[in-house]
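What follows is a group of structures, each given as structure tokens.
Both complexes below contain subunit A, partnered by subunit B and then by subunit C.
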Partner chain A sequence: MGELTATNMFESQTIFADHKDLIHDVAYDFYGERMATCSSDQYVKIWDSDGKGGWKLTGSWKAHHGSVWKVTWAHPEFGQVIATCSFDRTAAIWEEVGDTAASGSEKGLRTWLKRSNLVDSRTSVTDVKFGPKHLGLLLVTCSADGIIRIYEAPDVMNLAQWTLQHEIPTKVSVSCLSWNPSLSRVVNPPMLAVGSDEPNTTNAAANVQTDKATTCNGKVFIYEYSDVSRRWTRTECISWVQEPVNDLAFAPNLGRSFHLLAVATKDVRIIKIEPIPESGAVGAVGAVGNGGCGSRFKCEVVAAFEEHSSCVWRVAWNLTGTLLASSGDDTCVRLWKMQYLNQWKCVAVLKNERVGEDSPPSGRVHTTYMRLAPMANPAIMHRH
Partner chain B sequence: MMSGVKLDVLWSPVHHDKFIIWGPDITLYEVARIKEIEKKTTFTPISPTKGATVVASQSASGVRCVDISAISEQPEPLLALGYASGKVTLTTLKQTYDPLGLVGREFVPRFPRLCNSVSWSHTETSMLAVAMEKHRSDHCILLWDVSRGTMQVDEAKGTESSSHSSTEPIKPLAEMGLSETAHSVSWSNSSSRTLLASMNLKYIKIFDLRDLSNKGVNMTTTRYCHGVCADPLNPWQIASRGENVICVWDARAFEKPLLTLLNQKPVVNIQWCPTRRNLLMSLQRDSTTLRLHDIQQTNSDCKNAFNAPDNVLTATAVEAEFEEYSRGPSVIERDLTPGQGSTPSTHPVVAFGWHPAHEARLVAVCSSGAIVDYTVCERVTVSWGGREGLVWSGGGGQLRLMRDDFYATIRDISYVMKRRANSDYGLKPDLWQNADLADDDALSGLWHFLALSKSLVEDGCIRNSPWRHPGVRTAVRGGDAAYRSEMVHSMLQDLPNRRVTMYSEERLWREALAAGAPALPDAYLRALLHFLAASATALLPHHPHHQHTADYTDVLNETEMRLEDRVAFACIYLSDTKLQEYLKQTCDTLVEQGDLSGILLTGASPEGIALLQRWVENTGDVQSAALVAARCFTAELLKDPRVQNWLDSYRNLLDSWQLWWARCALDTWVAAGAGAAGGAGGEFAGARHVCVACTYCGKSVAATHGHNRPRVAFARLPPPAAKMKQVSSCPNCRKPLPRCGVCSLQLGTGSGGGGGGAQFGRWFSWCVACRHAGHATHLLEWFKEHTECPVSSCNCQCSTLDPPDRF
Partner chain C sequence: MIPSNTICVSQEGPAHALALNKDCTQVVIAGRNVFKVFAIGENEFSEVCNLRVGKNLNLNFSSIDVAWSTIEENTLATAATNGAVVVWNLGRSGRSKQEHVFSDHKRTVNKVSFHLTEPALLISGSQDGMMKCFDLRMKEVARTFISNTESIRDVQFSPHQANTFAAVSENGNVQLWDVRRHERCLQQFTAHSGPVFACDWHPEMPWLATASRDKTIKVWDIHAKPNLEHTIYTIASVGHVKWRPQKKYQVASCALVLDCAVHVWDVRRPHVPLATFAEHRDVTTAIAWQADPHAFLSTSRDCSLYRHRFCEAAHPVLWANPQGVCVSARGEVAHAVPECPLPALPAAPAHPDRHVPGLGRKQPTAGSLSPAAQATLERAFPGGAASALCRYCGPHAPARCCVIACARGYRMRGSAPHDLADHNARVATMHNRHMVSHVWEVVRCVYLARSAAARTTPAPPPPRDPQPRIDPPPQLPPYTYSAVEEEPLEEVEEWAETQFHNSGVLGMPTLSIYIPPPKYAKQIRNDGTAGWVSAASAHYVDVEAADWTLPEEAFPLRAAPPPPHPPPATPAQKHPPNDDKEPHAGGNHQGGVSPGGSSSPSSGSSSAPPQLDNHTQQSLEEGDTGPLSVRMSESRSGQLDMAPLLAAALKQHAELGDVQTAAVVMIVLQEHRSDLFPYIDEGLQEHWLLGYIEFLQRHKLWNVATEVVKCAWLNNVWCISQQSTGVAVCCGRCGRRTRPRAPCDACADHQPRRLYQPPAHTDLCAVCHQVVRGLYAWCQGCSHGGHLHHMRAWMDRHQLCPAGCGHHCQLG
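Up next, the complex of A and B:
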């Protein structure tokens, strides 16, 4: 194990978020200068960077009548807009406006107005994501009853009007989704990955129900939009993932010819999804190694890490899709780095210091230490 | 071992490192880090770092119920034991100093019967409630004040034997439930003197004991009345169980349960988490898991319960929605398997107890006898930001961020790319200047080669190349030998001049040499020996001209030799066909590997795109690929969707880093590259240009002067306007241009004069929301003071559409 020297010990900065309950999601805006948090206390808070490493609370309001699961920022060209989704079965669009009550000098205080409330779901809305900006102002939500809804704001200046464009039933409980951020529309049609947290206890029953997809009992589905049929269709079911999925995320594409999808399930998985060229898809015999479901893609698990003992909760990519952060049951955040040739290795473990166990709660230190693994052998990475 | 025996775990409310396990024996454990436990002491490991040592133990025969007092003066946990006879005694398991003289005290009911439950109040620590079976002429719930009795004991100290035989036994403070049965009692810890009781198999009663002479009782009827307990953090929230049902109640609306939770197996224990709001844990019979019930409040009452901070920023956004939220609370359930590390126990859990103070910590006992110290960890959410910010949620509502120095250590490509972007990497006027900025051998070689290749094309050394930066393969395609040797000197100029002289034709010696070659450490030496051996065999028949028949594959396969040297060697010694073959094969391998040195062979050509694509996929360095494309690719190559994808991705990165200058320079290079070869008709040229069009005729207001139109158009304008070279009306249709919202003068185009662009201050600037416009300087001044649009009838909050200023 790598010795603990001054160079591999880092202190993290702590913001006391003052949420009254568990924080479910943190989201950065496009520039990484603003942060939104949401919590079970039904509040959403906005934090602005001062550019010198400090963060200031500039907005805080009760956004829903239930736990707020996710929060997400729209691209800044649509204004300062966030979307939230909640256990109260709604998703909401919020826009920041200047505080009309404040005079010119007090521009620091900002107000967020609810521009729209999306009430189509009959169950808890589990995830919400804005689409890639080149598709316009799109929003997708998914709910516990397994319906994916895609909304569009036809007039980007009018955030009060959202039309429900598509409703895609998945027949399984959906917990998370991710847009494929690929910028080239020519090569990649709009694509969504959704993950299901349907428990496996009803596995046999589920298989019977989903008569059409009997070949696959995976938990991750790929949906693609076809310009021809004007519909979203399930083009792939990733059979490598059989356990309930807590989170998934497409890596920023960054000029790659394939897509990387990180899945948080029993372990951290990185799945490479490579579109098979059209010519190959015609000769369907060429479809190798994709688990026998569909022939649009060649899927391959490039990495699977079980270091988070039993359950992984969240995964997040950095801007370039070369670092993956994951959190799991061991309460650690682990960073996985792409080495040359798509080899992935653990480069850091960030541990939340357990509160109060060894030190009295009053004298608790707000620091965390991380230790870089020796690059040579990440297998012997210890838990701290 | 212990299966079938009732077991319970209880933490001491005062001593945070001590708990008892109560089964056939009552055993007091002390928790410590394994490291700190003395060597010889036997301990039970309860977590990877912690162990529990037995402090004391005593037999529990006849004991029906136990609770630990919250009296803080006690040096050791003070237990109240309820016996089958109805007697309750106070004891510490270990002999210690007893400041209040409570140890050994007994509280006896008037009529002996089974004692069902004892409960210490945590707010008034001397209060002890006892629940008992039914007796027709006695109450079933007795409330004792243990401190009151001590005085008598103290007084009676001299007459030692009197405490039992004393003629006046201590009277309970209060008695409730005449000729009823109480199954369990528990205090509501958050409000004073409120006692909850499960009674007669069908009632839950809440006793308000603030006024002992007038006891208020609130009650409800339910089958699921057992194990009633109140949420310590939310005084109105009460849970009870019965069979396989858990009910959650609101004490203020006690008629029917808020929630009825069905479980598959009978529920044997429920407890509210003392550290987290709305969290209830239950244990089912013969289950290996504990179930967490996270009660979700959807009614707006919970806002009051939270005591929301009346902060200035609070809740301006939610207008009171009078929508009826009849849904009430709901629950999210989660099963936990307490276990050590990654191997969760497979034995059923028989008991658990929340730690009174440590966040979400509990101890569970399995049927195997194993004790597990477990902390229910909350979901940690993580997120990356555009500025390399990693944030995750720590416990207790904290967010944690990593500092900058951390990202420098990881040396991820994103960090490297940002550093390079800040140093104008790829944008320097001379290609070779970028090589040093890259700070990477492969990339440095790439830029140097591109610079060299460009100069060769410009000097006319390489002719007829379709690409601006041809590689060796393009150059040798012609296949004429003179050209080839020329190239060796030009493109591969740093080939060391090595002259090999052969001294002997002793074949054996050479073969031995060739055999020994692989052992040599230096690739060049090995190549030399291979070369000697090969050329010797070729020379053997004394036909020096047949040199090309020699087999140089060993030399050429010496991949540790620099590619330049190998290629140069091939150019000198191989025949045309073999050379082509060798180059193709090497090139394909390098493209497949994404090895940047292969650019020597491919140059900036379609093969080069394939090579860079591999490089991007292998390293994530889209920056270099995009910059090479912008600097060196012809218009035709730029149209490749892969190249467009690199450029778009890199633009997006630069946007996200707010490196506008770098992005602008990139676009300029791309436009230049596309325009240079594509000519004026190329679709790229001008695609990125922005022009201001007249609202009336739709033509650009700037594209008028000079060649297209005769001066006539200007001649008809009033002379001063023409002199000012500033157009206030559309040059095509002569309709007026829009007026500035601040100064009310018409916006000039600024570029009408043809003398370069206008000053920034005169630029057209407009709000994308209300589309009101003005001179840039005027608008800047206006929005320093105002947030609203300068046009009087417009209420648009133009300036607030941008994110707030950070400074």
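Up next, the complex of A and C:
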């Protein structure tokens, strides 16, 4: 089901990305056959799998006038479409046009056209995500000044037209967001998780000021759309996460009764969000008012891992939501998997050995093999 | 609102320019409505002099630029909007300090600049495209330099060659002039594609930095032939640029529009600013370093004048997310990580009275680094501009392959549920998914009994394919009486115990219900629902139980004779009387038999390895399907129904990420959905189906996904096949596309008959002239087509339509 098996060899392949600055995001498309990278060098690159394990550069263009923070793919039903967001305060929607032979200008690169530029933000746009397919062609952006904007393309054939549907002020700096990927509108209303990287202030007076609206020190918020009021409202503030949040991700929900949210802060956390049926729905209105946690959802931290030793930057789920990959300041990827008794354990630590060395890349592609033992005891962890 | 160390003073109006005196103790700011001199104290500015005084405040007091002589203490020069260059003498007695007005330029003067060594020389650059060199002693224009460009935006004397100055213009050119020769410039080159707004000479190197509307700062080596050394990419038009003193590679810039912050760049890392100062609320209009690298002043359109200390800088590079990780649908992990990670930087001690940066303009946290950490960052910063992109994948994640193979192999309709279940169980077994296989076995048993019960007369079970077992059990006819369990139970118990001892698969998390292999489950009575339920429930084995006591509620309340002799050991069935929906949440977790482990010969024979390892391996093998653990609390309710158990089992599979089992079992049982589905609400059903469809689509199993859609009974799922689906109809006579159920207009005209009779063979292949069944590939230009492979083969060799219509066909 798409998970990696720790008892097998992991093949590690370095791709010579040739970005001129740090890569900030990597995104696979729906099928896992294309990959987009974005970097501070203002370029976005598209890589296609050749089906034999290799990746070939098929697109590369200067997308923004600032660092490109995030890149994300739309559902292929809408075409080959990506969205990017940048430090230059814009988010852009790009579409691949034509095929290699016709319009490939150089080296067989395909052309990506900027279909739309979303310029509503007045500060750096920190994250951009396409909404679940069943909601139509939706896009959400968040910016450093804490405003979440939800855009919709009313006509999915016309990617040039995006209307700003909702603008949700959060009053804190927002660093990341994630749609609840639930496939059914019947079960779950549209839901967003938002993470803030607002630094914790020691100043008590400042705390009172900034948190007057929230009365909750948490850094992760859940917003839900109500069909009745036609508004997005904050229905939950997860008070377990008090440190600035770098990334968060909902696990793909293929029919669970609860949601799993992975949060990257000082550690990796997995939070189980369980909707409370019926009686809780009544309390949802109260939740907005009193800001108290747990009136609409039952949230619990299922796991928290300190293994990354310091800051955790990214989290990503596999297709079925059974395996979590996290990346932190120790430059390792750690894979976490639920074992019996609902315990999450580290099943693999992946490290690119070239990182930290001074040797320049010798070839374009560098392949190594590593054997990773199953981790019976995550406390005793071998570096590979 | 501002970090405490940064000092600020507000003015009446926005200042366009500022200039420091030669020892950097005083600053003059000038704008349309403001012209003041401030003394720079340690923690405040104090106003020394307001030059905008007098009766007739004419346009000479509205300044675009201001310069302070680098030699004379009291001499200032301003560039006025009306084209005047005004010289001021602060040493004059009286209120008016105006010394002289040069009204030689026709249009606005953009820039004035003093000669660095000659106190009497002043140069100006104007919108009229001319530069004039003024002699302050003679009070006249010494020389006029005609640039032949539209307008000059900046003029700067070189610190390296006393008589050379650089002038930048709006057409993107940079000119180097000798101040003594006005005939022609020394050098001229095009630096930018847009207007150049500012330039600055490097204090030590022969470098000139130019700032342009094309959002770049370029660094030119002017030593011989101008050579582009570095390009910095910023987010907005660059209005001003100033080298940081004593730092060879660092340059400060501010934007003309959009960006209010002052950025300090390291030219070796051209995309990310090293430091950012975001105190201003509006666009910064001018910056000036205070001769040392740790403090500079800036004015802004928000009417404020700031003195920034470098230790108050925010560092965007710390704020940016340096890593990326993503897991693909194929199970690959892609990881981007800095090749040279930044060293750990100690944070500055929290200042007791630091204020939070204003909301709504949040920038990276200012002043978060100690000076030592800043120095470390400055050293590491230029080299940290590369990421390694790496991907990791298991060779062929076997579990995923199994699931995909199962998806291909499963049958979802076309025969009775128990047959389908039987088929699917074998498919699952074939791919080593024993737990899933067991679910199918249970389904098969249950519905086999039901189908048998549905018949009026006892009949042998429907023929089914031979089990892939070495020792196929005898096909016993269904029992017609109720007391059935004695013989099988003994076997079950014995079998289960041996399996338990052999397999050593322990630590099952929950009350596992053990469903015996089919040979036992088959022997079930034929008296309807209660019968098969009791048969199934009687076979539970809970190895945790020390003694076998068959609880009352394990049996239905029915008039059945008790078993002749109670089984010697039976599950304690101490399932807690709670309505716990989460199977794992029960109190007694320790024991249980893994059906998967025990039925698999290979894992069954392994001698008890450590529990956890075995678990890990097994769960990995199994592709994340957990144990078949069926919630038992329902059995207490008296109406022993298999449906809630099955529903719970499916829910359990779904929660463990195996939506496939949940969805396919549901599809197979949809004929019987009246009894199973009340336990799974409709939303969840839809969720499972959609989840499975998405899973299939991600693996490009379109046919299977379509099959699921086709089988679906829920409106929301079923209507997927209606979306974006069109049916194209071709005229059977001429082969052109036409409206549905009507001949095409051309043919109808030729056919005067009222009722058009389409020919018998409608879709003929243009190549082989046979009827095309299935996919009909056709050219949209001439609408001729045929078998896909025929058309492809034809188009490989030919350009024209195979039907001979002469059209240059395009297929697909």
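Following the convention adopted for this analysis, the second predicted complex is superposed on the first by the 311 of 384 C-alpha atoms of A that agree within 3 Å, B and C clash if a C-alpha of one lies under 4 Å from a C-alpha of the other, contacts with A are read in each partner's own complex, and residues count from 1 in each chain.
Basically, contacts are C-beta pairs under 8 Å (C-beta built on N, C-alpha and C of every residue); 3 or more make two chains touch, one makes a residue touch a chain.
No experiment lies behind these values; they were computed from the predicted model shown.
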First, second, both or neither for A:Trp69, with subunit B first and subunit C second: second
Which superposed partner A:Val228 touches (first subunit B, second subunit C, both, neither): neither
A:Leu350 touches, of subunit B and subunit C: first, second, both or neither? both
Touched partner set for A:Leu335, first subunit B, second subunit C, both or neither: both
Partner chain in contact with A:Asp145 - subunit B first, subunit C second, else both or neither: second
Which of subunit B and subunit C A:Gln80 touches, first, second, both or neither: first
Contacts of A:Ser173 with subunit B and subunit C, given as first, second, both or neither: second
Subunit B versus subunit C as contact partner of A:Ala27, first or second or both or neither: both
Subunit B and subunit C footprints on subunit A, overlapping residues: 7-8, 10-17, 19-28, 30-33, 35, 37, 39-42, 53, 55, 65-67, 87-88, 182-184, 186-187, 253-258, 310, 313-323, 325-329, 331, 333, 335, 338, 340-342, 347, 350, 352, 354-356
Residues of subunit B defined as touching subunit A within the complex: 33, 48, 276-278, 294, 296-300, 302-303, 306, 308-309, 311-319, 325, 327, 330, 332, 337, 341-342, 344, 357-359, 361, 375, 377-406, 409-410, 412-414, 417, 613, 616-620, 622, 625-626, 641-642, 644-646, 648-650, 652-653, 655-656, 658, 768-769, 785-787, 797, 799-807
Subunit A residues touching subunit C - in the complex, by the definition given at the top: 1-17, 19-28, 30-33, 35, 37, 39-42, 53, 55, 65-67, 69, 86-89, 122-123, 134, 144-146, 171, 173, 175, 182-184, 186-187, 197-199, 201-203, 206, 209-210, 246-247, 253-258, 310, 313-323, 325-329, 331, 333, 335, 338-342, 345, 347, 350, 352, 354-356, 374, 376
Residues of subunit A touching subunit B in the complex: 7-8, 10-35, 37, 39-42, 47-51, 53, 55, 57-63, 65-67, 76, 79-80, 87-88, 94, 96-98, 100, 104, 107-114, 157, 182-184, 186-187, 252-258, 306, 309-310, 313-323, 325-331, 333, 335, 337-338, 340-342, 347-348, 350, 352, 354-358, 361, 366, 368, 370, 372, 383
Contact set on subunit C toward subunit A in their complex: 215, 233-236, 258, 269-272, 316, 319-341, 344, 350, 353-356, 359-363, 365, 368, 384-395, 397-400, 403, 507-509, 581, 584, 589, 610, 612-613, 615-617, 619-620, 623-624, 626-627, 651, 654-660, 662-663, 682-684, 686-688, 690-692, 694-695, 697-700, 716
